[in-house]
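Structures follow.
In the two assemblies presented below, subunit A is common to both, partnered first by subunit B and then by subunit C.
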Partner chain A sequence: MSLLQLAWKNISGNGLRSWVVALCALLVAAFALFSTLLLRGAATSLELAAARLGADIVVVPEGAQTEIEGALLMGAPAHFWMPQQNVEILATFPGVEAVSPQIYLSTLVGASCCSVSEMFMIAYDPDTDFTVRPWLQKQLPGGLGLGEVIGGDYIFATEGEDGILVYGTLLKLKGNLEPTGTGLDQSVFFTLDTAHEVARISETQAEEPLVIPPEQVSAVLLQTKPGSDNEEIAVEIYRSVPGIYPIQSDSLFSSSRTQLKSLLNTVVIIAALIWPLAIVLIGMVYLMAANERRRELGVLRALGATRRFVSQSLLAEASLLALCGASVGAFLAVLAIYLFRKLIMTSLGVPFLLPAPGSLALQIGIGLLLAMASVFLAALLPAIRISRQDPAIAMRE
Partner chain B sequence: MTKILGVLMIVLALVLAIAPGFTDCESQGKTLTTAEGKTVSMKCHWTGRAEIAAAVPLGLAGIFALIGRRRESKRFAALVGAVSGLLAILFATTLIGTCMSASMYCNVAMKPIILAAGILAIVVSAALFFAARETVPPAA
Partner chain C sequence: MITLENVTKDYSLGKGNTVHAVRGVSVEIGAGEFVAIVGRSGSGKTTLLNLAAGLTRPTSGRVTFDGVELWKLTDTQQSYLRNQRIGFVFQFPSLLPTLTVLENVFLPTTFGSGGNHAEARQRAQELLVRVGLADKLSSYPRQLSAGQQQRVVVARSLINHPEVLLADEPTSNLDERTEGEIMELFHDLHTSLGLAFVLVTHTRQLVSAGMRTIEMADGLIVNGTAQA
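Showing the complex of A and B:
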C-alpha cells in the first residue's frame, strides 16, 4: 500500500476528524483569499479611477465634496450646480494650463422614457475636454457627435436597439470603456450639445423633463502646468473664489482610502485571531487522533514501517485534507467575490475591480499554500511524537 | 455524505424560492411607470417568481437524496438537482433576465444570490452523483 493510499484510507475511516480539519483549511483559505482579493481589488480600482479622471484638480460647489466621490466611485446620481462664469475665472489662475466644465445628470427611476433607472450621466465640453477624449482616441478618433454616447463597462444597448433611451431620446451607444470597478462603469458620457438636445426633447417625450439650469455647470476640471504646486493652486482658488471647493486628485477619494485602511486593519485583526486558532484546533485534532491510533501505528511499525513512513503517512493525510478543504474554500471565495462584488461595494462604500486572470491564479495559489502550510504545521508535532513511540509499548496499551 | 448533500440541496432550494422575494426591485419599492401612468412590475420580479419553478424540483431532489436508498434513485435526484440549478441560472440570465441598470438592487443582490445558489446546486448535485452508494437497510 502506498503512502497516499494509506492516507486516503485514514481519511475515509474517520469522517468527523477529516471534516473538522478540512473545514479549518477551508476557512483559512477562504478568508485569506477573500480579504486579499477585496483589498487589492479596491486599491487597484481607486488608482485606476484617479488615473481615468485625468485632472489635477476638480472644482465643485462647496459642500458637494462627498457627493462627487459617491458619483465617481459608486455611480450614485449627483446633482449640484455652480455658475458657468467660474470656468473663465479658474482659467486665469497662474499655473492652470487647461480648464473644462462638466455637467452631471441622471435618468429617472422606473420611468418608461429611460431604459436604465438612476444612471449617472456626464456631459463634457468637447472643445475644452482633456479627460474623456483621451479614452475615446482608440475607439472614436473623431469624438462623439450629437445624439451619441459612450458607456462604462456595464452599459448595454436596449434590446432590439443600438442605443439607450434617455428622457425619451434614443442615444446611439458608440462603445464601452474599459472597466475600472467604480461608478464610472455604470455611467454614460456625451457632449454638452447632446445634453441640451435631450433636455429639449424631454419636455414633450419624457415623464419628467430633464432640467439643466441655464449658465450653470456641475464641476470644472483643471489641468495644471508641469512642475506646478497643485496644493498651492487649490488653496489660492479656495481663497479667491467663494462658493467653490477645489479637490486635488490625490485627495479626491480620501474617504474611500480611509475606509480601505480601516477595512485592512479589521482584516488583519480577524486573521490574527482565525489563523492561530485554526492551527491550534487542527493540532489538537491530530494529537487526539495520534493518541487514538497508537496501537494501529504500533502494528504498522512492528510490520516493518519506518518512523519516517509513519510520520509521513500522518502528514500526507493532513496535506490531502488541507488541499481538499482549501480548494473548496478558494472556489467559494472567488465565487462570492465575483458574484457579490457590487453588493460588497455598496455595503462597504469602496470600489472594486476583479484582478487579471494571472494575478487571480497567483492569489489562489498563495491562499492554498497558506492553508496547506497551516495544516502541515499543526500536524507536524503530533506526527513526530507518534513516530517516536516504541511499537512494543504502543501495542501493549 | 449523501445525506449532507441532500440537506444542502434543500437549503439551496429554500434560498432560490424565498430570497428573490426580498431582493427584487419591487421589494425595494421600485416599479415601472408606463406612459399611461400605470404601475407594472419590472422583469426581475417575474424572474423571482420563475425561480420557484426551479426551487421545487431541487427541493424534491434533496428529499430523495436524503431518504433514497438505491444508488439509481440518488443519481436521478442528482440529475434533477443539476438541471434545476441550471434552470435557475438561465431564468436570471437569458430566459427572463433582470433589470438593465447594473446598479439596481436586483442586479446587486437578487441575481448574485440566484447565480450562487444555481452554481452550488450544480456542484452539490455532481458531488451527489459521484458519492451515491447503495444504502443497505438495517437487518430486522
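Showing the complex of A and C:
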C-alpha cells in the first residue's frame, strides 16, 4: 500500500473532517480564481479597447467624456456633436501627425426597420482613418465599400440574410472582429459614405430618419508624432480650442480604471481576511484531527512508520483534499464567470473578456497551487507536532 | 536479545510533580523465551514493555537489541528495527478503521523496505487463515468482534517475520473463552515459530508452565529472574 493510498483511505473514512478541509480549499481556490479572472479579464478588456481605438488622443465635445467611455466600454449609444472644422484645426497643432473624424450613431429601439435594437455604430473616414483600417487589413485588405459593415464579436447577420437591417437599409456584414469584452463587441463599423447613404434612405424607409447634422462629427482621433509629449499636446488643445475635451489614451476609461482599482482593493482586503482565516480553520481542524488520531498514529509508529512517514501521510491527506476541493472551486469559479459575466459587467460597470485557454489554464493552475499551499501550510505544524510525539505517550489516552 | 540495563523512566506531571514509572530496572529477554511480566495496574509493566520496544526514551539507563543501543539509532533505523524484528499486540483496539482486515495485516510492510506487494498480500492471507479468519479478509474492523479483532492484530504482528512479539494486556478486553483461545494461539505461535514472547498481564492465571515470570510493583522488579 502506498502512502497516497493510505492517505486516500483515511480521507474516505473521515467524512466530516474531509469535507471541512475540502470546503476551505474550495473557497480559497474559488475566490482567488474568480477575483483574478474578473480583474484580469476587465484589465485586459480595457487595454484591448484602448488599443483598438488606436489613437493617442481622442477629442470629444466638452462634457461628452463619460458618454464616450460608456459607448466604447458598454456599447451604450452615444450622441454628441462638434463642428467638422475642428478636424482641420486639430491637424495644425505641433506634434500631431494624423487626425481622423468619427461619427457615433445608434439604431432605433424596437423598430422593424432596424434588426438590432440600440446598436452602437461607428462611422469612420476611410481617407484619413488610421484606427479602424489596421485591424480590417487581415480580413478585408480592400477596406469596406459602400453599404458594407464589419461587426464586433457579438454581431450576427439577420436570419436568412447576409446583412443587418439598419434604418431600412440592409448593410452587408463583411466579417467580425476579435472579441474585446467591451461595447465594441456589440458595435458595427462602416464608412462615412455608408452613414450618409443610410441617413438618406432612412428618410423614406425607416420609421424615424437617421439624422446626421451637416458639417458635424462626434469625435476626432489624433495620432501624435513619435517622441511627442501627449499631455502637453492635450493641454495645448484644451486651452486653444473652446468646446472640446482631449482625452489621452492612457487616461481613457479612467472611471473604469478607478472602479477596477477600488475593486482590486476590495478583493485584496477580502483575501487578506479570508486567507489567514482559512489557514487557521484548516490548521485547527488538523490539530483536532491529529489529536483525535494520536493513538492511531502512535500505533503506526510502533509498527515501524518513521516520523517522516507519519507527517508525510498527514500532509498527503491534506494535499489530496486540497486538490479535490480546489479543483471543484476552480471549476465553479470558471463556470460562474462564464455564466454570469454579463451580469457582472453590468453591475460592476466594467468590461470583461474571458481569457484565452492558455492563460485560463495558467490562472487555474495558480489558483490550485494557492489552495494547496494554504492547506499544506495549515496542516504542516500539526503534522510535525504529532509525528514528533513519543509513540508510547501517543498511544496512551 | 533485548537487554535493559538499570533503566529508569520518569514522567513529569508539571508543577514539579514526577511519576517514577520504572526505577532502575535491569532485564534481559533471550531469543525464543516466553516471559510474562505481571503486576498490579500502575506497577510499571507497560512502561517496561515500551522501553524494551524503543517506544519511549528512558530517563536513564541503556536499552539494547542484539547489542545495539536503541537510542543511539536514528529514527529511521529504530523504526526499521521495530518494523522488521518486533511484533506488537496492544491492549486497545489498534486496527485502522478505514482499512480492511487484509489491508490492516499487511500495513506494516508499507513502512519496511518496500518489498513485494503481492507477496505481502499472500502472506497476510496465510496469516489470517492461521488465526482462523480466512473468511474475513474484506471485512472492516467494526464488523468484527473484539476477539476477532485481536486475532487480526496477532496476524499483523507476524507479517514481517519478527523475532520477538510484545503483547501488552492482549486479553484484557476479551471474555474468558476468547482469552483462552488467544493464549492458545500465542503458545502455538511460540512453539511453532520459535518466537520470543513478552506478555504483560495483571492476570496471574495467564501465566503457565514454561514461562519466565517477572513481577513488578512500584516501578521495580519485586519477584522473578531478570536474566534468562
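Everything below uses one rule, namely that the second predicted complex is superposed on the first by the 395 of 397 C-alpha atoms of A that agree within 3 Å, B and C clash if a C-alpha of one lies under 4 Å from a C-alpha of the other, contacts with A are read in each partner's own complex, and residues count from 1 in each chain.
Everything below uses one rule, namely that contacts are C-beta pairs under 8 Å (C-beta built on N, C-alpha and C of every residue); 3 or more make two chains touch, one makes a residue touch a chain.
Fair warning: this is a prediction, and the values are worked out from it, not measured in the lab.
Once subunit A is used to superpose the two complexes, subunit B occupies space next to subunit C without a clash. After overlaying the two complexes on the shared chain, residue contacts for A:Leu370 are found with neither subunit B nor subunit C.
Contacts of A:Leu314 after superposition: neither subunit B nor subunit C is touched.
Of the two partner chains, subunit B is the only one that A:Phe156 touches; subunit C does not reach it. In the superposed model, the angle subtended at the C-alpha centre of subunit A by the C-alpha centres of subunit B and subunit C comes to 70 degrees, rounded to the nearest 10. Contacts of A:Ala290 after superposition on the shared chain: neither subunit B nor subunit C is touched. In the superposed model, A:Leu303 makes contact with subunit C only, not with subunit B. Of the two partner chains placed around the shared chain by superposition, neither subunit B nor subunit C is touched by A:Ile233.
By the touch criterion defined above, A:Leu339 reaches subunit B but does not reach subunit C.
Measuring only between alpha carbons, the smallest separation of subunit B from subunit C in this overlay is 16 Å. Overlap of the subunit B and subunit C contact sets on subunit A: empty, with no shared residue.
Against subunit A, the residues of subunit B that register as touching in their complex are 25, 30-35, 42, 99-104, 107-109, 112, 115-116, 119. The residues of subunit A lying in touch with subunit C in their complex are 1-3, 6, 9-10, 12-14, 295-296, 299-309, 390-393, 395, 397.
Across the interface of their complex, subunit B is touched by residues 75, 109-113, 115-119, 154, 156, 158, 183, 185-186, 207, 335-336, 339-340, 342-343, 346 of subunit A. Those residues of subunit C whose C-beta lies close enough to touch subunit A in the complex are 47, 50, 53, 55-57, 75-76, 79-80, 82-84, 88, 90, 92, 94, 96-99, 103, 106-112, 117, 156, 160.
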